[in-house]
Structures are given as structure tokens and as C-alpha cells.
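The chains carry the letters A, B, C and D, assigned in the order they are written, with residues numbered from 1 in each.
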Amino acid sequence: MRGIVKRFPGVLANDRIDFDVRAGEIHALLGENGAGKTTLMNILYGLYRPDQGQILLNGRAVAIHSPADAIRLGIGMIHQHFMLVPTLSVAENVALGLPSSRGFLLDLDVVTRRIRELSNVYGLRVDPTAMVWQLAVGEQQRVEILKALYRGADLLILDEPTAVLTPQEVRELFATLRRMAGEGHSLIFISHKLHEVLSISDRVTVLRDGRVVKTLPTSEATREELARLMVGREVLLRVERSPVELGDVRLSLKDLWAHGDKGVPALRGVTLAVRAGEILGIAGVSGNGQRELAEVIAGLRTPSQGQVEIDGMDTTGWSPERLLKHGLAYIPEERMRDGVVRDFSVEENLILKDHVDRPFASGIFMNFGTIASYADRLIENFDIRTPSRDAPLKNLSGGNIQKIVLARELSREPRVLVAAQPTRGVDISATEYIHQRLIAQRAKGTATLLISEDLDEILNLSDRIAVMYEGQIVGVVDQREATVEQLGLMMAGAHKV
Amino acid sequence: PSAPSPTPMPTATPTTPPKPFRVAVVMPSAINDLAFSQSMYDALVAIQNKMGKDKFEFAYSDGMFVVDDAAAAIRDYATKGYDLVIAHGSQYGSSLVEIAPDFPNTSFAWGTTVDTFTDKGINNVFAYEARSEQGGYVLGVIAAKLSKSGVIGVIGPIETGDAKLYVDGFRAGVLATNPDAQVNVNWTGSFSDVALASEAAQTHINAGADTLTGTAQMVVGAIGVAKEKGVLWFGTQSDQASLAPNIVVACQVYDWTVVLDEMINLIKGGTRGGKAFAITLANKGLTIKYNPGYTVPDDVKSLASETIQGIVDGSISVKVE
Amino acid sequence: MHKGVARGTRFRPFIGSLFWALTPLYATVLALLVGAVMLLLLGVNPLQAYSAMVSGAFGSSNALADTLVKATPLLFVGLGICIAFRGGVLNIGGEGQLVAGAVAATAVALSLSHWPGWAIIPLCLTVGFLAGAIWGGIAGVLKAYLNVNEILSTIMLNMIAVQGMNFLLRGPLMDPMQVEAGSFIPQTARFSVTTDLPRLVPTRLHAGTALAVLLAVLVYIFLWRTTIGYRIRAVGLNPDASRAAGINVERYMMLSLILGGALAGLGGAVQVLGLHHRMFTDGSATGFTGGAGFNGIVAALFGKLHPLGTIPASILFGALIVGANQMQRAVQVPSSFITALNGLVVVFVVGSDILSRRRARRAVGQA
Amino acid sequence: MIAQLFSLTTLIGVLTAGIRLATPYLYATIGETLGQRSGLVNLGVDGIMLMGAYAAFFVTFKTGNLVLGLLVATMVGGLLGLVMAFFSVTLRAEQGITGIGVYLFGLGMSNLLFRKTLGTVETVSGFPPIHIPFLSDIPVLGPIFFSHNILVYGAFALVPVSWFLLNKTTLGLKIRAVGDNPKAADSLGVSVAGVRYFTEIVGGMLEGIAGASLSIALLNVFQENLTSGMGFIAVALVYFGGWRSVGALAGAILFSMVNALQLWLQVIGIRIPPDFAIMMPYVLTIVVLAFTAQRVRAPAALSKPFERGEG
């Protein structure tokens, strides 16, 4: 890619970028949220037209006007935001757009068989006949990877593929990627996790503010160096957790049962308690009931059995409104669906839960002056990168959208916080910042239930760690005693010994 | 119909002395609806043919089912100096009562109704109506005679106004002739739903009817069914024989020229309104037109003539409910 | 820096944006050109036809008044559409809601004819508002609690309202004089003059038009300055996030249909009190509404679902209908030509929207 | 009187009429369903039906050739579908308004042409009922199911055909994907515009046939506004049917049967005001849906124009 320039309203997303990938190479692309990584890859895949610049493939200038062109040229892409049709089955999503072995008739049985083979070979657990809308985010990610594997691209773009995978799955994916590279495929790998980049890639290109800062062989790079290149300053890669005096039980779950979207029990008798000043981490492969657990606590899903208590009060079956008035904050796992209103402005999103309360409203009228200064303050405090508080939220990068959710929830001074995947897709400096905020909130006495698939995050932040498997808590360990290996085993279904 | 096209509004008519008499009409449905609006349009064409284009001009706005559009049209025609502006739809009355006082030198006519607004101090509005129950009665008599099953089906739009008069008259005529006959009435709730009218006809036939009648522009659908199933049809408002030459027995045909001629004469004589007219069997504004393609037995024909005579001389009075 | 240059550079974007803002107008002209070809085929001089159209819509105080009178129900319905569509529901029930409001106001106007105007007019308007709210609310309850799609229910409710109107107007509400005269015209008696909305100037223009404009401002404030409006918009844009944020999604969906219906119902009441002074039927809703229940949707969408944008959009449509009818009279084309021409204008204008949208995006991109 | 309501004649009458009346709704509803499954709302169905009805009638009237009439109606419908697609897909115009514009155009144009080319109401002899040996002669069932013309059978055959197209073919998969997540389909090289043009043109063709089924098979006349709003009911039935062919069938049959039933109620002389009888199909359609509606979600991209590269 030569001299790529791409402008969006108010943003220069790619500024004269030169970028190349060699055959058989795994090339990592790094950069903070909004640095322009996805934009660059979307241009390569024909989703965006560059304002300037050209793309050369095997030395030949090519015109890529659409994904169809890209696919024809042997380019595949795993998108950061899933490109799945929720109402179709996994097999149908994979078969979409491919020629069928039976002409115009669908050959889903053939596709299903092929998917099963691929899942076995690459260790990507997924049921080809399941409907995509019923899948957990992690499973959806696996479907995305399967789609690309099924098509067998020469050049494969992976835009944050590991954000929702377990360590084991990441290891398996990396094995796959290495094998592909060994077979001569080229791979572009985007991740915010530096250790992944260091372990998988051959070369690294770092972007900042739409410009290439540096391209270097991975062997010459260190974590600290990469972090500095991305952010332009030193970054703390580990948060300091000072001991906090534990208070009373704030959140208590007693024998919770609930149905998932598939109609089968997703929670099967969960009992947990979180105290004031404590972060309880929930580890587990996605799809084991974490989403349902968070939704039950947030009042978005009715449990079939059991109780939720907040501050000793039985809140089972309360409406979300009553719960949030009662001091519950919720950072949902699917932020674009459950957390924000895309077409609202940044400012409007920041008051989504408080707009009827003083001082943001008097009677039914909203106080725009107060709201504006409040929004400006949160934008500054939480370092939200946005052209203005009036900008439509949908134009912000993923990390910044996550900061908006976080800013809103934490500013409500919650007594209980349910944080699901709070740093998924968020860059290292924002992750650092979010972690600091969660720790600060802990110091203020908030009881936090942290649901994450990122074991580093769980180990860094939690006081205690509970592992979920098939709707049950298979064990709770103290952070000081926990190891990655042990947790990984428990996540795969082995009970604590 | 191969009628001469109406004269567009003259932009620069040379003012040769005998100024033509100018009429404008505003109508709810289309001039070719084989029903209510067409009957008025045909009458105006007939008068123009009779008087000559230089002596009689007319303009029309059809499809004016939106009442406030019709009101605008009425006002506009009055502004343009037409001698007579006809509001050919009972729903236009409330507009007329507001417009007429603003144009004291223009005559208006409102149909079909009997109200000339004289009680409101307005004296430039004529009223006209069709006593469609009269022809309805006559057709009912014929139908009762021709029906073998004694079951007769009627298809109407909504049970109001002209349609109600016709249906009531028809039913009275049937029952007066054959008290044992069964008259089934089906209202479709619309003037234009051809498909429903067709289904209504099917329903009547399935229920044993061998003779049908109906009113409003939608009945073309019913006539089609009658033709296919070979049952008899009686029409009203316009001559519908062309649609099914084998089974249309007779139609009550509206001829507004009687009323229009009178209005024109009155206006020329300086009277601008205040009088209510009706087309009736007596004044030949209503005629029973037999379909030449269908032979009606002579005894039935003479019974029908007697009935007409009776209605004309008042010995038969057609009561509506 | 030269002064002239500075002024020029500031002036040119203004001219530019003005040029693009007028895109709907060019599209209308284009549609009229196609119409001109049709006119020629019909043997009519297009120039004569179109000059009649323009003078019919704007040529005199009466013409202007007719245009505004025509625009009024479009604006009422359009404002309701702004609320409903912002709340994520597609209200196709304007026709039925207009009828419901009009019939209810009629019943009150007829039964309390001895009341003074200052009391009866607000009462009739309120009753019309409420009747529309109920008619919209039925669709709202069906959607929120029984999962019945609002497009289906509002289309069906339109038909049901018409039949209800027919029943009342040929029965309980029929003008006693009609029964007496035996003519059975399905209309009510004229209301007492105390119920007449005041006329603003000596034309057909009545106070209902001013009320509609006032309401446009209120709806704007409602949608963008109040917490209820905020919630309606949030629910319309993302029901999942709204639910998670503690908003009762079902209730606000229902509310947006209720308010949409209420504004249309108020429009119906204004039509009878301001224009017809009685209720009548030709068997369909259109005879009374003039299709405002549908055209109001078009006006609101032309106005970008913004209450203030809906004002000029309604006037544009009112002018188009009034002017086209005048053209029909002037050159004696069948009224079906006018209907077809309206369709062309609608399609061309909405098709041209892409030009102004592209332009807007590029303008932001350069900023 | 009540006994008559439950007689065999009534039953046969209602069922036969229900099947007959359902025909235009089936064509139009399935046509619209196809478009909606790919994300396009077309409120212009009634206008397209009117143009189809006129075209079929005119051609048949002039040539006496029913098949030619049907063919031309199909083409006219397809052409208007193409226009709809051009505005909704290529120009990304607001679909609701485009549809209303197409409706007005079809309503006006069909009548204008009718007036200029025919002048007055005429009749043709349309597709005759097909007598199927043996089947048509079965008592009760014969008249109900086997006494109809070819277009009636065509409408019912369309139900499994369209179901098969949507669920068992690669094209159907593309249609469903494009209606639910055009971005995803696009990212796999599926031409969103191509698929939408296809469904809208085929949908238009079916709506043209729906019109023809009125003017040259069921009614055999043409008149101004022949459909009198059937196209809008057809759109409503798409929602009733939950975007499925079988649902469309259920809706069309229910609506038509109840309509036939209310005509019977009037004929039999059951003493309710006709206005309430006429309301029945509309009320019952809502009531039935209220009791049966499952959580069927509309195609997620319904009525949303697709543009690549938008956030």
C-alpha cells in the first residue's frame, strides 16, 4: 500500500501510509484506538475507497472497489465488528456468497461437514447448525475465523481476532496462523495485546494519529518500546492494587437459574457474594452463562429460580430503572447494542441513565447548560477522543466508545458495578486508564463483578476469581493463589481440586 | 362515449354578441364511471350537441372525491364567471353554502338533494335529485316477474342517499309483485370496490338468487359475475347493457337534461336559484331502458308500463323506509 | 489579505449551500418537465397548464389561503409522524386517526351546541386530540404488549375507522333534516357557528393553521428539550440500550403512537371546526381527509422528520395539490393526470435527496 | 337464519370465495415479502397492481390473447419494480415516500391510460375455470378447490415455490442475508444492490400479476382504482405473515374468508348494521394476530438504504 490517504468528516484517518506485507509473513499492525488501523484494512479489503494512494499486489497495481474484488484477489478479512447475519445459522453464514456444489441449490450439509472438519483441525468449537443470534460473542468470533479459513485466502487480515478468545484458543489460533504463514500465506494481525504481537508476528508496524510511526522486525521490539511508540509516552503495564478494607456484602446471588436465548438453562444454580471494596472476577470461556448472569443482575433477564440481593434487599425481578436508581451500574458486553445509542451525540450518550434526574432535568425539561459542562468534564476526565461533545457517537473509535460507557457508569458512583468485558477492543493506554478507574472505584467501596475472558485482566484486577463453566461456578480462588494454568483447566470444565 | 370534448376555458374568446351559456360541474367520480358522474357528463354533452358549441360551453372537474378540493374548484369556477356551477355530489353542500353568498350573480346547483338553502337567506342555489326509488320500483316489479327462484340479490355501496332510495324502491317493487319473494341486500361499504361487488354477486347467486341489481360504479364487477353465471341484471344510473348484452334486462337511466334545461331557462330569465328539481319517471328524467338484446315477455312489459303509469299519476306511491 | 477575497470565500459557500438546499425545487421542475411531455401528448399547452398551476397555488390571497388550508392537516399528521417515527414506529394510521378525531369533535359540537365558543372550541379540540390518541393508542397497545406490527394494525384501523364513521353518519349522527326530507345524505347538521374556528383573513384560512404552526414549535421543544422526547428518541434509535438504561421501552413506543395519533386526531377536529363545520362521508376516508393521512407522512419525511422542516414541506405539498387542481380546471385534463403528476413529483423529489446528502457530507469532510 | 349460516351451501360459498379472493393478495403479498426479506419496503404495491391490471386488460381487450395480456402485465409490474429499486437502492431514497409516489403514479396513470385508450368500461372474457377431470366433480371439495382458473392455482403454487426459493437456494440465502445484515453480505462479496434489484423486480412482476388476476381472471373488467386499496392490505398481510410465504397464505386466506363470510352474514339477513359486517375482516385480522403473534423479528435492515463505508 502506497501513500494511502483517507479522510472522514473532521478526521484524517490515514495520512500518507506506506505499508507492505511479504509472502509467508505475519505482519502486526499496532496503534491506539482511532489510530487508523481498521480504516487502512477496510481500504485494502475494498470497503472504503482511499482519497489518495494505490495498492500493489505482487508488484502489480490493483483496483479494489469492493470486497468482491478483494475476495477475487485472494484477500480475506476477519472484521473487528462482526460481519455475521444473526438470523442465519453458522453454516448459512459460512456458505453465504460461496458457489454451491449443487448449482443454485444450497448444499448446507456439505458446508456443515466441512465446518466440522475445520473446527476439529483448528480446535474452534462451534455448532454449525446453531443460529448466530444465540451464540456468545466468543463463539461468534470463532465463526468469523471459520468463514475466513473456509475461503482459504492468500492474504488474510485479522482485525483484533483475539479480543474475545481464551488463552487456549489464542494458542490454537496462533498455531493455525503459523501454519498458514508456513504455507506461504500472508497475514496481517491487529491486536492491542503486546505479548500476542510479540509472540506471533514477524514484523510490526505502529500507527499513531493516522501516520506510520515505525515498521520494525519483531525480534528487535520490546513491550515497552512498542507501547511508547504507540502512545508517545511511557505506559504502566501493570496496575498497582493496594489492599482495601472489605465491607459488607453488597451483591449476593443465591442459587440463580435462568434460561438462555436457546431456551435451555444457561445459569444453573449460581451462588456468589461480592463485598464492598472487592472486585470479584468471573473467568470463563464465553457462552458459559456469563452474559446471562450479567443480564439477570441488570434486570434484563428474569431468572427462573433464585435470588439477587443488593445491599441485603431482594432485587429479583426489579426493572432496570429501579435497579440503577438503587445504585447498580452495568457495563454491557455488547456495547454497541446494549450500551450506547449510535445516532445520539456523545453528550446524549453520557446522560443516558441520568437524563431525568436533577441537575440534568428540571421537571420534564432538560438542562442543556449543565449537561454540556458535565459532558465536557467527563470527556476530559476520561480522556475521550472526540471532535466535540455534539459529535455523533458512531464516528468514534471502539475504545473511545467504551470510555464513554465507562465514564457514564462510574460517574454514577455505583454501589455495585457489573463490568462485562470492560476493555475488549480497547488500546493499552485506555486499558490502563480503565483499570485504574476500576481500582479507584474499588477504593471508594464499590462492589465490582468483573466478567472477562482476558485472564491477564482478571488476574490483575480481581481480589477473588470465580470460574464459570456451563452455567455453574466450578470454583472460586483467591487472586494470590491463582495461576493461569489452574484457571485454564477450570475453564475447560475441571473442578477445583 | 364518442362525445365531443369539453371546451377548455377560453383564454381570449372574441366577444361576439350572443355570449355562450357557460356551465361548470364538479363531480366526485370519473366521467366514465357508467354511473353517477357519467350521467351528468352525458347530459351536458347532450345539451351542448343540442344548443351548439357557440351557445353552450361547459367545463368539468371529475374525481373530486376530496371535498375541500371540490370546494376550491367550485369557488374557482364561480370566480371565472360561469353562469351555472353544479356541485354534483351531496357531500359538497356545506362548501356550497359558504361559497354561494360570495357570488350573488352566479347560479349554483347542488345534487342530489332537495335543500336550496333559502332558509339560510341564500337564493342562488338550485337543488336537484333523482327519485331513483321510482325506477327502482319498476325494475323491482319486472325482476319479481322474471325471477324463477324468487330470490333476488341487491348490491349497494353504503346505505345512504341515492343508493338507499334505489334499493328501497326496488325492494318495494319486488315485494308488491311477489310478496313471497326474498330480497337479499349486500352493502360493500365502498363505491369503488369492484372485487367486493363481484364477490357479493357470487354470494347472492350461491344463496339462490337468479336475478341481481346494484348501484354505484363498482357494480361492473357484479355484472361480470351475472354474465358468467347467466343470471339477470338490472342496472341504474346509466345504461349498462353494453357490458353484458345477454343478461341485462333493463336499466333505469338518469337524464339530467330535463332539470338542466329548466335551470338554464330560469337563469336566462333572471332567477338564480331557490328551486328544487327532481328527475322522475313523470318528467322523463328517469327512463326505463330495455336492453334490445334481451327479450322481455310482453305481459311483463305491459305490467311495467302500467307501473310507470301508476307512479306517474300517483296511484302507486313508492315509500322508502 | 484582500477584503474582497475574504468576503468572496465566505460568500461562496453560502451561495453553494443555498443552491443545494433548493434541490427539491429542481427535482420538482424536472418532474413537471416529464409532466409537460404528458401534457403535450394529451394535446394541452404545458405553459398554460403550469402558469395556471402556479397562480392557483400562490396567485392570489385566496389561492395562498387554499394552499395553507391544504397544508394544515398535512402538518398535523406530519407532526404526529415526526414523533412516531422518532420513536421507531411507523404510523400509517393517519387517515383513521384524522377520522376518529373529526367524528369525536363532531359528536361534541353537535351535542353541546348551546355552549359558548370559548368553551366549546377548546373542548372539541381536546376531544379530537383524545380520540386520535385512543385510535393511535390501540395500535400502540397492540404493538407494545401483543407484538402486533403497527403497519398492519394502523392500515386495518384506517378501514375500521371509516366503517365506524359510516355507521355513525348514516345513523345516530345524521342530520335530522336529511331523514325528514327522505334524502338520507350521510352527513351531520351544520354545527352551531359558535364552534367555527376564527378566520384569520377574509379567506378560508382559519386559526387551525396557526395552531398547527404553534404545535410544530411545541413538538420541536418536546422532542429535543424534554426528557420524554429524549426517551422517545432513544427508544427509536436503540431499544436494547434504552432498556438497559432503565427506560420502559414498551411504554415509550406506545406513547409515540398515542401522541402521533393524538396530533392527527386534533388535525381532524380542526378540519371539521375550521373548514367543513360538519362531518360527511362518501364512504371512504379520503373524501374527508384528502389523503392527508398518507401525504402527511410524505411531508414529514421531506421535512427530515423535523417538526420545523415539516412546515415548509407541508406547504410545498399543499401548494402542489391546490395548484394542480387549478391546472386541471384551466386546461381540462382528467384529474387522474394530476394524481400521476403528484406521484412523479414525490418520486423525483425524494430521489434527488441523495444530491443534497452527498453535498452535505462533502461539506463536513472539508471542514 | 342462523341455521342457514351453518349450512353446506354457506360453507362451500365462503371457502370458495375465500380462495378466489385470496388470489390477488397472495401474488401481491408474496411479491412484497420477497422485497422485504431483502430489506426493501414498497408501499407502492397498489399502484403497481393497478398498472398491471390495466396493462393486462388493455392488451387482452385489443388482442384477445390472455397469455399476452398476462405477460405484458408482468413486464409492466417488473418495470415499476425496477423504478422502485432504482430509487431505493441506487439513489437510496426514503423507501416509504418512494412507494407512496409510485402508488400515486400508478393510480393516476392507469386511470389516465384507461380513459384515453378505452374511454369506458369494457369487458373481456378472462381465464376460464379449469375443469379437472374427476377432481372437479368431487362433491363439496370439487367446487371449493377445483373450480378455479389458472391464476388462482398459480397463486397457491407460488407459496411453496417462494418458500423454496428463500430457504433452499443460494439466491434465497443471499436475499435473507442482505435483508438482515447487508454489511456482512457485502463483506462476503454478495452484491447487495444486485440482490435487491432482483427481489424488487420479481416482486413488481408478481404485483403486476396480482393486478392482472383481477382484470383478466376474476373480474374481467377494468375501472378506475380497480384494486381500491387491495395493495395496502397486501402490505399489511406481509406483517401478518411474519415475512414467510406460509404466513402470507394464512393471512390472505383469513382475510378473504372473513370477507366472504361477512357478505354471507348480510345476505342471510343477520341483523347487524352492514358497517359492522364490513369491519369484520379488518378487526379479525388484528385480533388473530394479537393472539398468535410470535416474536418474529422484521428483517433488521428493512427500509434502511445500504451504503458501503458508512459507520
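Please note the rule applied: a residue touches a chain if its C-beta (ideal position, glycine included) is under 8 Å from a C-beta of that chain, and two chains touch if they have at least 3 such contacts.
What you see is a predicted model; the values in this text were computed from it and never measured.
Among the pairs B-C and A-D, the greater number of C-beta contacts is found at B-C.
Here the spacing of subunit A and subunit B, counted between their Cα centres, is 74 Å. Note: centroid distance subunit B to subunit C, computed from Cα atoms, is 34 Å. Computed centre separation for the pair subunit A/subunit C is 46 angstrom, with centres defined by C-alpha atoms. Multi-chain contact residues of subunit D (touching two or more other chains): 111, 115, 224, 275, 278. Multi-chain contact residues, meaning those touching two or more other chains, occur in subunit A at positions 342.
Touching of two or more other chains is recorded for residues 30, 63, 158-159, 189-190, 192 of subunit B. Here the chains touching each other pair up as A-C, A-D, B-C, B-D, C-D.
By the touch criterion stated above, subunit C contacts subunit B in their complex at residues 44, 48, 56, 62, 66, 69-70, 162-163, 166, 169-170, 177, 181-187, 190, 204, 275-278, 280-284, 286-291, 321-322, 325-326, 328-332, 334-336, 339.
Those residues of subunit D whose C-beta lies close enough to touch subunit B in the complex are 9, 12-13, 16-17, 20-21, 24, 111, 115, 119-123, 214, 218-221, 223-228, 230, 259-260, 263-264, 266-269, 274-275, 277-278.
Of all residues in subunit A, only 7-10, 298, 300, 319-325, 330, 332, 337-344, 348, 352-353, 355-356, 361, 364-366, 368 touch subunit C in the complex they form. Only residues 47, 83, 87, 91-94, 96-98, 100-112, 115-116, 224, 232-233, 235-237, 239-240, 273, 275-276, 278-279, 282-283, 285-286, 289-291, 293-295, 298 of subunit D touch subunit C when the two sit together in their complex.
The residues of subunit B lying in touch with subunit D in their complex are 1, 29-30, 32-34, 63, 153, 158-159, 184-190, 192-196, 198-200, 202-204, 206-207, 217-218, 220-221, 223-224, 227-228, 242-244.
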